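Heads up, the thing below is written out as structure tokens.
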Amino acid sequence: MPQYYILVLFFLIFFSSSSHASVQDFCVADLKGPDGPAGYPCKSPANVTVSDFVFSGLAKGGNTTNIIQAAVTPAFVAQFPGVNGLGLSMARLDLAPGGVIPFHTHPGASEILVVTRGHITAGFVSSASTVYLETLKKGDVMVFPQGLLHFQVNAAKIHSSAFVSFSSASPGLQILDFALFANNLPSALVGQTTFLDLAQIKKLKGVLGGTG
Amino acid sequence: MPQYYILVLFFLIFFSSSSHASVQDFCVADLKGPDGPAGYPCKSPANVTVSDFVFSGLAKGGNTTNIIQAAVTPAFVAQFPGVNGLGLSMARLDLAPGGVIPFHTHPGASEILVVTRGHITAGFVSSASTVYLETLKKGDVMVFPQGLLHFQVNAAKIHSSAFVSFSSASPGLQILDFALFANNLPSALVGQTTFLDLAQIKKLKGVLGGTG
Amino acid sequence: MPQYYILVLFFLIFFSSSSHASVQDFCVADLKGPDGPAGYPCKSPANVTVSDFVFSGLAKGGNTTNIIQAAVTPAFVAQFPGVNGLGLSMARLDLAPGGVIPFHTHPGASEILVVTRGHITAGFVSSASTVYLETLKKGDVMVFPQGLLHFQVNAAKIHSSAFVSFSSASPGLQILDFALFANNLPSALVGQTTFLDLAQIKKLKGVLGGTG
Amino acid sequence: MPQYYILVLFFLIFFSSSSHASVQDFCVADLKGPDGPAGYPCKSPANVTVSDFVFSGLAKGGNTTNIIQAAVTPAFVAQFPGVNGLGLSMARLDLAPGGVIPFHTHPGASEILVVTRGHITAGFVSSASTVYLETLKKGDVMVFPQGLLHFQVNAAKIHSSAFVSFSSASPGLQILDFALFANNLPSALVGQTTFLDLAQIKKLKGVLGGTG
Amino acid sequence: MPQYYILVLFFLIFFSSSSHASVQDFCVADLKGPDGPAGYPCKSPANVTVSDFVFSGLAKGGNTTNIIQAAVTPAFVAQFPGVNGLGLSMARLDLAPGGVIPFHTHPGASEILVVTRGHITAGFVSSASTVYLETLKKGDVMVFPQGLLHFQVNAAKIHSSAFVSFSSASPGLQILDFALFANNLPSALVGQTTFLDLAQIKKLKGVLGGTG
Amino acid sequence: MPQYYILVLFFLIFFSSSSHASVQDFCVADLKGPDGPAGYPCKSPANVTVSDFVFSGLAKGGNTTNIIQAAVTPAFVAQFPGVNGLGLSMARLDLAPGGVIPFHTHPGASEILVVTRGHITAGFVSSASTVYLETLKKGDVMVFPQGLLHFQVNAAKIHSSAFVSFSSASPGLQILDFALFANNLPSALVGQTTFLDLAQIKKLKGVLGGTG
């Protein structure tokens, strides 16, 4: 039996030298450090606790008393540092009756969605302009390939919700209307590059706080 | 206005030549083709429909009337060809009261879990042998870094369930007990390489159908 | 000197066994083979010639006598099989006076552009909806990060052209107007998910051959 | 001939501007810098010498006068900063007669082993619970796919040794017994998630310094 | 209409929490930060302007009044921080009549070249020692697979130029003659490892400033 | 106890559906299948045995009775199909007294070397033309970053040997002398692109079987 203590000793001596390397098991983001192409620097493993790997911010849906009657609640690396470097993240979608997550892309990730309440009509469009459109029931899963335009619309008379996961800790989110109308891109240029009528552009710029 | 038809023509002529390339928007698995290091060959885009991107197999939980009183239902590339090449996949966990998903690893992916019903006690162990253990409530999210041993246990008196997502279309699943006891690895060798007592090994081999 | 012949022999004998492995120097696409997540299968190296690595299709600009007065000529893997697996590809932009490459994304690649004639006003919009806009002169280079909406407009009174390169052999190309208006996505759904007026949607659907 | 000096000058002037970029030839770890998902920050190239690329710590085997009669000596990034960012690393295995490297995984890398002395019985188990087991002679090579449980046992009456290489500078190392028994994971929870008997668990926890 | 302002509010509230994550749209290099295996740390997005994504240094060719009568002007991450993390970069080649870009490799990238003036004879050699050689006209494109020896020679009586793009922000550049003759590698060792005659080695060492 | 049989049943039923996915634990090369950018297609797992993961071809050194008095014996994917898709491979170096592995690169991998007999002088040259040169003793390890020119020379009076590992299953091997002199690249062009004297070129072309 005292032999066994030598075993303990053995591991402490011979494997402890690799403790530094094992940090790479995970790399909880130190959000105060400078971001880099592969993510944030790692928090010192000595300070990592289980709470770094747990996120409670998706337990409640966002407030849907707004014009789109919907909310997106992200658990990306900025909200959930534990996903840093692991190549995944999540978000929660909530859609009141009539709610819409408008056309958007995630420039850096594919997305997989599972409906947890109600019905959701979801669609994406390929480079070949083909539409892939489906009304999903509770428990249905749909996948949206990286970078393609897609949307989700409540198809139920009740509140619908879904969880979505991404193939990146930092998938990005480019909402089409905001890209076109919520900044200072001159209206004429928007018109030239979208074929939309000027009146339409100015109307939505007005609504979304865009100028020019 | 006739000018506009030329626009259509323009796109058809000049961009259509890139139609082949745009296949790479997605690569729905042709499961009859030979698997490769990056996944399965792509189904011809002409035959792809929205149903390739939708999976209904997670709508119901698996049967938990078994000894572990739990079930794992996968939506990996083999069940859900639409995730091929997209770097993600899903599964559903169901745990009856007392249910357990025993210690296991995913050799090729990190995992993110969200509780959708009940309470789940989940934990993983790092290379440094530190335990990260938490009892999760409905809506809580937990991340399990790639390749590390982890488990989930029902912490509620009711049926609990969760959705899990992976950073690979083919995360793999190595269940510790099956790796050790459900094959023909000689008992003496199992003992030598795990320090478990021979009686313990033979007992579990008996239970799990192992030989040797 | 006869010793030297042994050298030759040496190489033939000892290194020749690695000849198969060296195939992976390159992997010219066999476009008849099934595409996969990482690209096409490789053409047999015995049949590869220098012409597989050379492409003359960008020597002339595309026809710009169309409504957008512009043309995109791709040298993606589908046109230029030599780039398969090498993580890059090219295209040529031609813009007659008044020409426009409308808002689009490349779901799978970043882009770098160099102006070779005239002046081009180019811009992209970030996830934060910030516009990055510049009028480029001959020889100027601009980079467009992966998956973000961007456009190019002729800023000269003469024909302008540019070469663009991508960080993928198969960058994809999603043109905003085509994604929204050149398919059968129902007009009401387009309206709901873009906030565009129905009249605007129907007008552009009419122009671009969309239905619904 | 003076022309030639202009050549030197040419290179100094025109290529020197790319000297910064060429740092990326290698990125010797600055272990004092914060680790990140892709590895450590690079030591300034001005301070890099050949000794950063050479490691003598594997010349001698570790001390095997312990209960497992074996030793693992790592040359991971933490011990050998020159491998940072290069996607490989090494270790040395020493097994006295009767020596065992117990069941373990490398969460972040595949492994390739070559026997340099004696005989070694090595095995790994797949997700399908199939055992791949072989007794290797001097000079034999065996590969262990990423993340799978594996072990090595001395099969000779003499001291055996091997060199192993990994497909990561930071492969990690999770020893099964330590993950289960050398920490404060409650014994009841270990039992629930491994099906091991409580007495067995408490015995090994006692040996390996675990509590609970 | 006032509803619309709620929409704006909605986006500001619900999506702004993801603003940090969206930084990963791009990662303009902070060249003062420490380089890492995946590139430089990101400049704070608040300080990023369009000028970070535009580079004018390739508008003019380098000075070719030197012995090789040629110039390479790089737009790698060190010169053009906007390409950091995007997996591409560019350079410009200028060749006066008789000009030569001598044999070299890019250790970390494939290259694609487009001729913009004159004629260029370009070639690369595979691991199998096969030569892929072509004389390219204006507008012709050629691709050079990663890490292979290649060169470019002016094939016109006039000044020729080309733009080249790389599949890395930091492709590296190893010029054969400089690797062999422009350092202190002992001449005898160069001879032993290249089979070149000592006189030849000493002559080129003299020309290129090498010693030993 | 009969409960336990239900456990077995449970696993067989619920996890067996993921058996296809677990194929991706490994992907033994089917060398008769077409190579692809990520490697060869996978051999059917049903036909995989442990012998696919074991290679005995490095047990003996290659024949060194040749002019360079050295031999390289590869265990790349073409010789050792088990490494397909795993991102690593090996080779063995044997150097008789006076033996030399001449200047070469691996276009697709970094290399790590461990001396197993004798002494070896090894060196590599960076893009900045700096030489990193060391004489290694038995057990010493040296790493050679991807794509850089390097060599190994016997520094002992006895036969020396080493094992080398690579960060790719298909690292490639470009031997400088063969690239320059063992093919039909015209001597004048070799001269123009290497600054070597024509006599030197023709001499080595003669030796190595080159023409032109």
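As written, the chain order gives the labels A, B, C, D, E and F, with residue 1 at the start of each chain.
Please note the rule applied: contacts are C-beta pairs under 8 Å (C-beta built on N, C-alpha and C of every residue); 3 or more make two chains touch, one makes a residue touch a chain.
The model shown is predicted, which means the values in this text are computed figures rather than measured ones.
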Number of steps on the shortest touching-chain route linking subunit B and subunit C: 1
From subunit D, the most remote chain by mean C-alpha position: C
B-F or E-F - the one linked by more C-beta pairs in contact: E-F
Between subunit E and subunit D, distance of the C-alpha-averaged centres to the nearest whole Å: 34
Rounded Å distance, subunit D centre to subunit F centre (Cα mean): 19
Chain centre separation in whole Å, for subunit D relative to subunit B (CA means): 26
Where subunit D touches two or more other chains at once, by residue number: 18-19, 22, 25, 36-38, 89, 107-108, 126-127, 133, 145-148, 172-173, 175, 178, 182, 207
Overall pattern in which the protein chains touch one another (line/ring/star/complete/other): other
Chain-to-chain touches, reported pairwise for every pair that qualifies: A-B, A-C, A-D, A-E, B-C, B-D, B-F, C-E, C-F, D-E, D-F, E-F
Interfacial residue positions of subunit C with respect to subunit A in the complex: 100, 102-103, 105-108, 121, 123, 125-127, 129-131, 133, 145-149, 151, 153, 172-180, 182-185, 189, 192-197, 200, 203-204, 207
Residues on subunit A engaged by subunit E in the complex (per definition of touch): 31, 34-38, 62-63, 65-68, 71-74, 76-79, 89, 107-108, 168, 170-175, 178, 182, 207-209
Partner subunit A, residues of subunit B touching it in the complex: 18-19, 22, 25-26, 45, 49-51, 53-60, 75, 80, 82-83, 86-90, 110-112, 114, 116, 124, 126-128, 132-134, 136-148, 163, 165-167
Of all residues in subunit F, those that touch subunit B in their complex: 3-11, 13-15, 17-25, 27, 30, 33, 36-42, 84-85
